[in-house]
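Consider the two complexes below, in which subunit A is the common component and subunit B and subunit C are the respective partners.
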Partner chain A sequence: MAVVEPIPQVLPLTKEEASRTCPATGLRVYAGAQALTLANAVAAVLALALGGLFGGLIGLSRSPALEFLGPSTYYASLTAHGVAALVLWPVFFEVAAMVFASSILLNARVYSVALGWTSFALMVVGALITFVSIMSGEATVMFTAYPPLVATPWFYVGYLLFAVGALVAIVNFCMSIVRARVEGVITGSLPVITYGVACAAILALLSILSGLVALVPALLYSLGWIEGLDPIVYRGWFWGLGHTLQYVNVVAMVVAWYGIIALAYGAGPVNQKFTRIAFILYLVIALPVLGHHFLVDPSLGTGVKFVGGTFMGFALGVPSLMHGLAVMGGVEYGLRRAGSTGLFGWLKRLDWTSYGTAALAGSLVIFAIGGWSGTVETTLPLNLVNHNTMGVPAHLHSTVVGGMTVAFMGFAYYLVPILTGRRLWGGKLATVQAYAYTLGLLVMITGQTWAGILGVPRRTQSVSYGGDVSTGWEASMNLNAVGAAIAAPAGALFVVIMVMTLVAGKKTSVPEELVPSGTR
Partner chain B sequence: MEGRTFETPGSFVIMAIYLGVFGVMWLLSFVYLAARWAIS
Partner chain C sequence: MATSESPIASPPPGWAKRFPRDEKVFVVLILASVAAMTAFSIGWLIWGSQNVPTKAEIVDQKQFAATVNEFAKRYAAEDGKVWVPPGTDAYMLAYRYGWTPELVLQEDERYTIWISSADVLHGFSIVSQNLNLQIAPKHGFGATITPDAPGRYRIVCNEYCGLGHQTMTTFLTVVTAEEMAATRATIAAGGTDETGGGATSGAIEISADPDNALAFDVSELSSAAGTVTISMANPSSLPHNIAIKGNGVDVKGDVVGTGETSTVTADLAPGTYTFYCSVPGHEQGGMTGTLTIR
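For the complex of A and B:
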């Protein structure tokens, strides 16, 4: 009898990375991509916790009725708040989004998991160094660190390490998409979410390069290796980082909107080309708009200020309006096809007790208010009155905090269960959290806007100037503190829900439990 | 041939209200500036 020898098994040249199929989305989730996305998301949540803690302290302490922080503690807290809430939280979350959008969403692997962990380690070490330097009291320069203010060199070293880590993450993101294309995992156009994240990554690249030009000389100045820094030159390069980074945040917020409507309502943009053009417009317009940071500076001529600050600032509202329309229209279109009638019948079909609806509505409403105040900031004559008043934090708390953070929170409520296979902890607490945070911010923004109109200065420890001046500013700043008193615990509740989901969320493979519908 | 239907009228109305309120507020801000200038 002939014996057939078994065919020798051909071992793959590389070890096959473990993967699973997400029961809710059907996406293939590779272990490396999952771990990297989760690690960055957890770091983001911890950064938000710190940013929120110091934000709450500042908000309460700026109330003339309280004023419990002394000058040194106040400026250290303000610096910590700015760095954690405006840089660390969004960038860690955006890196999580970059990994998710370039691998999990494409059913592909991360280009290099090792590169991903290198980026994460650099960002974490950089963030820790910066934070410790602030807490030591040696870097009370606020997140802008305008010269001639100077911090300990460690502050700049931490910033730079964090930036290099983010740069490595961008490289890994690009290479992951290239490899997915080369291997034929994706063909045709990128999904809208990946496309949007790619636009955010391009802006982030420009932002980081500009930041390096600002921060390396600042480090040398801090070390005493150069004699001085031109404040105007520094401000120009810094806002190439600062404002462009805020548009990285805005683009990421828009991506989170599309993510929420896809998962909660099964909806997407009605016209893909319209949405993609709107993303491209951000790339074209975002950089010149940094001119509005110089509207009261002597460095630029009035013509340049009008074009770069005012007109381009107005133009930058266009892509945001387009996305707002596309997001609402996408939901409306889907619900009309499902049977909604009348002008606003589709709004009644939304489940307003769903955390997706709560976060999306909160983000859209607050960001819309930020659009109004942004136009005030970029209009030259109005900026001259509003400059360096509480009107400025009113604007950025509408855009970066209200718009972006609420959207990120809502997206995280879907992303973390998908990544962990655990049901979101706390039931309807997430919905309460999203509404309470939105309410707190709306009250806070009202107080800050009111204070801005009265001319209350921003970044000032004591509105009453130690009781020496009777200013009549108290009521507005007390209202600001009331808003902070509502928003800070609501922000803390988000952190609690995230942590509890990770450690105590019920394991499930039921799609509806992982990604509950946002419609009725 | 069936004509094109307007798929998202509600969203357009919301956006029109938003832009309308913005326009009025933007104009009012200049009235406010003028008033401040007049009384100063």
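For the complex of A and C:
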């Protein structure tokens, strides 16, 4: 760890400029940065709680044996699930990561704490407006809101406020790094984590700009000020937001992997250049890959569909595979240097009862499954088979939930104690949580993949169609519900652990208690 | 060899010059696998037997609805289904919440089915055949298919389109050449006379004019006495409903928009009634007809 020289102060310190040194990492934590990171992390956890609640409900209700939600409740719940779990939870967590990576990790201050709170306020207000409009039943349009389906104008206003808030957070992130450089707090290359978060921020910027082009006309349409919005054109701009945002999530997930191996094992990427090239590749490939949303649309030509969807989809596997090697190879290298022998001796050195190991293993395994299913679905002729079937939720639950959410959970188990100076509440409960959540997701994804192969449509309240459809769909959708019944309580346990750590975690300055080692 | 520098601190200078051989080999391997998958996929597009349709065009929504109506009228058999002769393009309209018309195709014949939407995005999915297409208003999609086994296949909508999405379904029937020829013969013999006032017992289905003219597709209806239900599909972009009046009866169905259906039910004694659209001005504009109860 670099030695941090105290910054000379002429004026008395304001509250935000007060700082402490983290006993576990030696990082200088400024009060303003700490409060901002925590606030965004707490909002993220609350959004995940809502997303998980509705996810559990719709997962169970789609079991043909249960089907307890009527159409209007089901579709409103599905919209709420998508907005909370796919937009609010990751973006709040990524803003927390942006603040952390641009200030605390660099031993620096946030460029403007006031700007940080402005961004937070805009995002919270936007999220609340959108969420309330969905709960009122006036915005049952799914998180995609394809026109000419139309929601109350408030739904779009909330989305737009949230996006502008995220945009302000990105500005603050960039300016914080600039300030740290100008003030000479950092002189060398950015740490890999900050570098990765910067890539995520650039993708988020592209994503938000594309989203504004989709959502502003949608708002005007909803107000009745313009007419004749072509849904195919909207889909293009929307997925410029929607899919690019998923690559913000993937990059942030990879950052969380590096964060976990650094804190749990003291390990790093197998090679700095290799890892950074992989991050840059995401920037190049993630935007054009939105073409895969058009594979079976009546719009683009086959050539465009193939290059933008299929080829770019295959190419996207490259950076993810590189990071997979860099993360696992980095851990292996570190443990071999510490004395592990034999082909798999290093695996035995890992503490499999550590929550870091549990979350990292769960995330890597399920994300790999999601990568494979994504590659299959992006293949042009296979998309004809898979489009809008349950195979699509199978893919996005293995990437966004199994990959990203599990990695974020694991990273949060280290981040929150560092930020609060409190031990993680519940001890090994966090390990149980990570394994149970992974198990639930694996069962759920199995059910969804199976259903997808049979052709069960996604986003449909009931697939009984009057009872005369004998397609053998029931078993797969019941299995999906079993997975949801395991994953939803396990997800709730994460929320409980986080909240209890914040309110009842034991204050400590023992490094090993704040950040326990993940090796034996 | 690897270096494993901490990801949470600045790397020591010179990191940009190190790129070990192991990593180079790995990158070459994954690039080769991308190249191989790309080559296989291109081959599939050229030699594969199931590929994404390539026929698509911008269509006028009203024009398309009119084309579908005309097509359905021309080839409808007594069972209400549309028996499509080999060599003819079929047309299908998706609307909230249904598909029209119900098609019957002949096995081992190549058909192009043109599909578009009257309102919002829909998904065309032939269950168990793994054929899924995105259907959009103003865009016509020409799917070329060759059904290879007789049977009754379920079609469902797999893009969320509104609160009735889970009810949006129909069937596609595939028949042998003999069955097609036999039914086609009855149609050619004049088996269906759309405006002849043929007696229907109880349930009557009519449609508003798809080109926004103030008219129904029929001007005379008849039915046996008892409970009579008239359902009116509205493919036009105007709001319409169906209503019945006369002999002391005055009942009105809900006013509905594009792609929806208005329904009215009444207990009718023998006599002559008027069916009409109660939206102000529409009856006067010609949206009316005679309902004879025997």
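Here are some notes:
Rule of thumb we're sticking to: the second predicted complex is superposed on the first by the 501 of 520 C-alpha atoms of A that agree within 3 Å, B and C clash if a C-alpha of one lies under 4 Å from a C-alpha of the other, contacts with A are read in each partner's own complex, and residues count from 1 in each chain.
By our rule, a residue touches a chain if its C-beta (ideal position, glycine included) is under 8 Å from a C-beta of that chain, and two chains touch if they have at least 3 such contacts.
All values derive from a computational prediction rather than experimental measurement.
After overlaying the two complexes on the shared chain, residue contacts for A:408 are found with neither subunit B nor subunit C. Once chain A of one complex is fitted onto chain A of the other, the partner contacts of A:388 are limited to subunit C, with no touch recorded for subunit B.
Judged by the touch definition given at the top, the superposed model places A:375 against both subunit B and subunit C. By the touch criterion defined above, A:321 lies against subunit B and subunit C together after alignment on the C-alpha atoms of chain A.
Contact comparison for subunit A: of subunit B and subunit C, C touches the greater number of residues.
In the superposed model, A:346 makes contact with subunit B only, not with subunit C. In the superposed pair of complexes, A:100 makes contact with neither subunit B nor subunit C. When the two complexes are overlaid on their common chain A, residue A:193 makes contact with subunit C while staying clear of subunit B. Contacts of A:329 after superposition: both subunit B and subunit C are touched. Looking at the shared chain after the overlay, A:270 reaches both subunit B and subunit C.
Taken together, the two structures place residues 270, 321, 325, 329, 333, 375, 379, 381, 385 of subunit A in contact with subunit B in one case and with subunit C in the other. Of all the residues in subunit B, the ones that touch subunit A in their complex are 7-15, 18-19, 21-22, 25-26, 29-30, 32-33, 36.
Residues 1-2, 25, 71-72, 75, 105, 140, 142, 146-149, 186-193, 230-232, 258-259, 261-263, 266-275, 295-299, 301-302, 305-306, 310-311, 314-315, 317-318, 321-322, 325, 329-330, 333-334, 337, 375, 379-381, 383-389, 454-455, 457-463, 465-466, 469, 471 of subunit A are the ones that touch subunit C when the two sit in their complex. Only residues 270, 321, 324-325, 328-329, 332-333, 336, 343-344, 346-347, 368, 371-372, 375-376, 379, 381-382, 385, 453 of subunit A touch subunit B when the two sit together in their complex.
Residues of subunit C touching subunit A in their complex: 2-13, 15-20, 22-23, 26-27, 30-31, 33-34, 37-38, 41-42, 44-45, 48, 50-54, 56-57, 119-121, 123, 125, 127-141, 154, 156-167, 169.
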